[in-house]
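Two complexes follow with subunit A in common, the first pairing it with subunit B and the second with subunit C.
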Partner chain A sequence: MSYFTVKYLFFFLPAVILVYGIMPKKIKPLVLLVASYLFFFWISKKLIFFLILSSLSIYFSSLGMRRIDRITKEKVEGMEKEEKKRIKQKGKKKKQILLLLTILFNFSFLFYFKYLNFFASIGNALFDIFHADFSIRLVKHLAPIGISFYTLQAISYVVDVYHEKIEAESNLFKMLLYLSFFPTIMEGPIASYPEVKDSLYEGTRLSYHNLCFGLQRIIFGLFKKCIIADRLNIFVKLTFDHILQYSGITLAFGAIFYTILLYMEFSGTMDVVIGSAEIFGIKLPENFRQPFFSKNISEFWSRWHITLGNWLKNYVFYPVSFSQPVKKISSFFKKKFNHRVSALVMGAIALFAVWSLNGLWHGAGWQFVFFGYYHFTLLMLGNIFEPWISLGCEKFSIHRKANWYHALQIGKTCLLVFIGELFFRANTLSDGFLMLQRIFTHFDLQQFQTEFFHLGLDGKDYLILLIALGVVFLISFLKERGVSIREKISLKTISLRWIIYYALIMSVILFGAYGPGYEPVEPIYADF
Partner chain B sequence: MEKLVEILEELQPEVDYETCDNLVDGRYLDSLTILSLVSEIEDTFDVQIPTVEIIPSNFNSAKKIWELIERLQEEE
Partner chain C sequence: MKNMGKSILFLVLLVVQIVVVSYLLAPKYNMDKYTVADISIYDILGERKDTIDVIALGDSLVYSSISPMEIWKDYGYTVFDCAKAAQLTREGYQYLKVAIDTQHPKLVILEADMLYRDTTKLKWDYDIQKLGSKFLFLKKFHNNWKKYLFSSLGEDVPYTKENIYKGFKYIPKVEPGTKVNYMSSQTKRKEINPENTEYFLKIWQLCQENEIPLVILSVPNMGTWNMGKHKGIEKLIEDKDIPFLDLNIDNPVGIDWTKETRDKGRHLNYEGSIKVSQYLGNYLKKTGLLTDHREEEKYKSWWECYRLYRKSLQEENYR
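Here is the complex of A and B:
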């Protein structure tokens, strides 16, 4: 069941709203917990066992850490400074062991379900090379839904408790709900505990405002998914599955359309997710901030899948940057060169770790690994050449804040993103290279003209796409300028407000890509 | 505080550290500059900045960074 199914939108969600609405305030969070477990069980059946195990592991481990902290504090009271330091160090060691075990325990499930086959096939390839008469049997299995998302939330929680950034939660039900909340379980956003804890357990009463704002957001998500993403799906599928059949221009459109499809599908899902939570008065972190207005790749990643980027920054980038070995390396470079070179080296090591994990997180395949290192390379090149670009602009009196310069930067960033997403979507890494090569070597305008209207889309489809993309662009553009369309609409008269909502609903019903000739996009991020 | 502003000016000279209160959110300090800044602070003020403290709210202004340094010095 995806968030875009009739089952979810017309049965599950309304049923939860109804039960939530009639229950007393204290019971409301419990309703959400029961609904979340039902939702999970509906999709993953007995694999719910692994979600429970993860929740219990972080619950007990965080309580264990709290206990160690308490005992240590009691012990050091009135002690001399040196003795205090020694006892604190001892307590820290115990906590470290507990933290490490919890992280390993949680990652072991993720590894088993997601990466075992990938690494086993690498092992088998190596055995083949060395003619070893041995091979690891590959096992086909389904993973618990959202394991890549809830595992990261679980890790963020224990690490934050370890650093005493947050208090360990003593209420088990709260912990169970934090990891399983049904709107976020399939595709995130990866919310840190402090981001959601207040609103998640508040049991906020249903209100007309929250209901309207939540539904508004859900309908906008449907608009992006059903009108744009689903319409582009056939074109994308055909081009990526039959690379040799199409002209270079068609393949380039395939890559651009895939990037649009991915954005509309994922950000559309986030609209449904955040809108669903909003109905219950729960505020979730945003995952997108107009990414296609980014001036460079670094900015792009601070606007696209924001919660994953934040997770990697907080739990990989900084810890790796300031780990003892990296600090030693950076101080060597600082002595030999200067602080910029030292920061570049420090950043390179940490970014390498971040992008290795980012690539693999998206899937166990070489195309994802390549995708990660592609962006790592772009970020490093950006960091290395920034001083020269700045110097060049100064020399040629180029005003870097000029609109035309921004437009060029945005164009360059989009182009680099399209290439990255081409590899991301390619069936295999070699397919990705083949497609990129043919974009440049098979430039056949005549073939393109005949193909373009025979890839599942006709003139009417392109017109609908153009208008729908125009609407999304306009809303994004205004948001970029600090104008919130939602707030603006809410200030209009009730009749005008409902005309807008009605138009949006009707456009989804009338222009959504349903029926023969179309194929809805499967939830892409739910597979990661 | 003066020493801190000196470090900041050396790393990113194009900012008025008296008034700017969105150093991270406004992208005046990118992640590489933050790496340099943290190393410089640790060396100069003899403090250890835990990674959990490297959050925008602690680095958005010179004043906030100084408050962080003072807090960490007290805790040590």
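Here is the complex of A and C:
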């Protein structure tokens, strides 16, 4: 059951709203917990066991850490400074072991369900190379839904407790709800505990305002997914599955369309997710901030899948950057060269770790690994060449804040993103290279003209796409300029407001790419 | 309270808009008795009255194996696949009731695998789905906006009120079947559950009341069919005058399981369906029950459907 199904939108969500609405304040969070477990069970059946295990592991581990802290504090009272230090060190060691075990425990499930086959096939390839008469058997299995998302949340929670950034939660039900909250379980956002804990357990009363704003957001998500993403799906599928059949221009459109599809599908899902939570008065972190207005790749990643970026920054980038070995390497380069080189090297090591994990998190496949290192390379090149670009602009009197310069930067970033997404979507890494090569070597305008209207879309479909993309662009543009469309609309007269809402709803119903002849996009990020 | 009133008014106006748009876009045929909602569930209601010779009842095996247009081209018989994915016997019975209300077929073919479908599926779930299809029939017709809006733009999308595939589904994918000797005679008889037996008897009774001969057919299916099921069907019809045509025994159709199945032998692909359709056309001819309509004015639209069917296959192939 995806968030775009009739079952979710017309049965599950309304039923939860109804039960939530009639229950007393104290029971409301419990309603959300029961609904979340039902939702999970509905999709993953007995695999719910792994979600419970993860929740219990971080719950008991965090309480264990709190206990160690308390005992250490009691022990050191009235002790000599040296003795105090020794006891504290001992306590810290115990906490470290507990943290490490919890992380390993949670990552072991993720590894088993997502990466075991990938690494086993690498192992088998190596055995083949060395002619070893041995192979690892690949296991076919279904993973619990959202395991990549809730595992990261679980790790973030337990690490924050370890660093005493947050208090360990003593209420087990709260912990269970934090990891399983049904709108976020499938595709995130990856919310840290402090970001959601207040609103998640508040038991906020249903209000007309929250209901309206939540539903608006859901409808906008449907607009993006059903009209744009689903419409582009056939074109994208055909081009990526039959690379040799199509001209380079068609393949280039395939790559561009896939990037648009991915954004519309994922950000549309986030609209439904955030809108669903908003109905219950729960504020979730945003995952997108107009990424296609980014002027460079670094900015792009601060606007695209923001919560994953933040997680990697807080739990990979900083820990790696400030680890003892990296500090040593950095000071070596500082002595040998200068501060800039040292900072570049330190950044490169940390970014390498971040992008290795980012690539692998998206999937166990070489194309994802490549996708990670592609962006790592772009970021490093950006860091290395920035001083020279700045110098060049100064020398040629190019005003870097001019609109035309920004437009060029945005165009360049989009182009680089399209290439990255091409590899991301390609069935294999070699398919990705083949497609990229054909884009530049098979420029056949005549073939393109014949193909373009025979890939599941006719002239009318393209017109609808243009209009819908125009609407999304306009809204993004205004948001970029700091205008809150939803607040603006809420200030209009009721008749105008209703006309806008009806237009949105009816356009989804009429122009949505569903029913005979279309193939809706499967939830892409739910597979990660 | 004020907000509640506003919300209700908003929803009422929305429903009105949806209803108006639905009726504007829905095809307007066969509506004297059945509504567009029924047409969205039962494709056969799009056919002209009393024009269908054979009704093929079943699940995905039917729409994957029998292409009515191929039979039309070679024999001039009008066959319609009254089939949907995982159709239950109770749904099949309902479909047949609706079908013979507007058609007087000369023969009903019942695909046997449907009689082994698990019927433990909750009935309320089925009722909700049926109710959903009734009210959300726009799902099937919403794309008709292309017919009415911007009609001058690009190539006009061919649209006909009739189902040009006549219930068939074109799937060219190839995924070879690997089972060996799936019709081993050693297999023990598999019993048909009480609900399926009950609805089979209802289907048979309905055919008898309308004087329509019933034939049980088992299309080539390496995935779920076996000798146990074959014996179960034989037992079911042992005291009834119902022919049983099992195309799995000795492969009379000549299916090449390395090329003519789309999912390892569970369903046939387009190539396999051509063979079954030819075999079935020949079988229908031998019954002597049907006449060739290819030259008849009343069936002119079948030729138009056939043209669109071919064009559609070419386009799909191009993909």
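Please note the rule applied: the second predicted complex is superposed on the first by the 528 of 528 C-alpha atoms of A that agree within 3 Å, B and C clash if a C-alpha of one lies under 4 Å from a C-alpha of the other, contacts with A are read in each partner's own complex, and residues count from 1 in each chain.
In this text, a residue touches a chain if its C-beta (ideal position, glycine included) is under 8 Å from a C-beta of that chain, and two chains touch if they have at least 3 such contacts.
Keep in mind that this is a model prediction, so the values were computed, not measured.
Applying the stated contact rule after C-alpha superposition, one finds that A:S321 touches subunit B and leaves subunit C untouched. Once the two complexes are overlaid on the shared chain, A:G347 sits against subunit B while remaining clear of subunit C.
In the superposition on chain A, A:G512 makes contact with subunit C only, while subunit B stays out of contact range. Legend: residue contacts after superposition of the two complexes on their common chain; A:Y502 is shown touching subunit C, with no touch to subunit B.
In the overlay built on the shared chain, the residue A:G482 is in contact with neither subunit B nor subunit C. Across the interface of their complex, subunit A is touched by residues 3, 6-7, 10, 13-14, 17-18, 21, 128, 132, 136, 138-140, 142-143, 145-146, 149-150, 153-155, 157, 315, 318-319 of subunit C.
Against subunit A, in their complex, subunit B makes its touches with residues 11, 27, 30-33, 35-36, 38-40, 49-52, 54-55. Of all residues in subunit A, only 6, 11, 208, 234, 238, 453-456, 458-460, 462-463, 494, 498, 501-502, 505-506, 509-512, 514-517 touch subunit C in the complex they form. The part of subunit A that touches subunit B in the complex is made up of residues 160, 163, 165, 298-299, 313-314, 317-319, 321-322, 327, 330-331, 334, 339-340, 342-344, 346-347, 350, 383.
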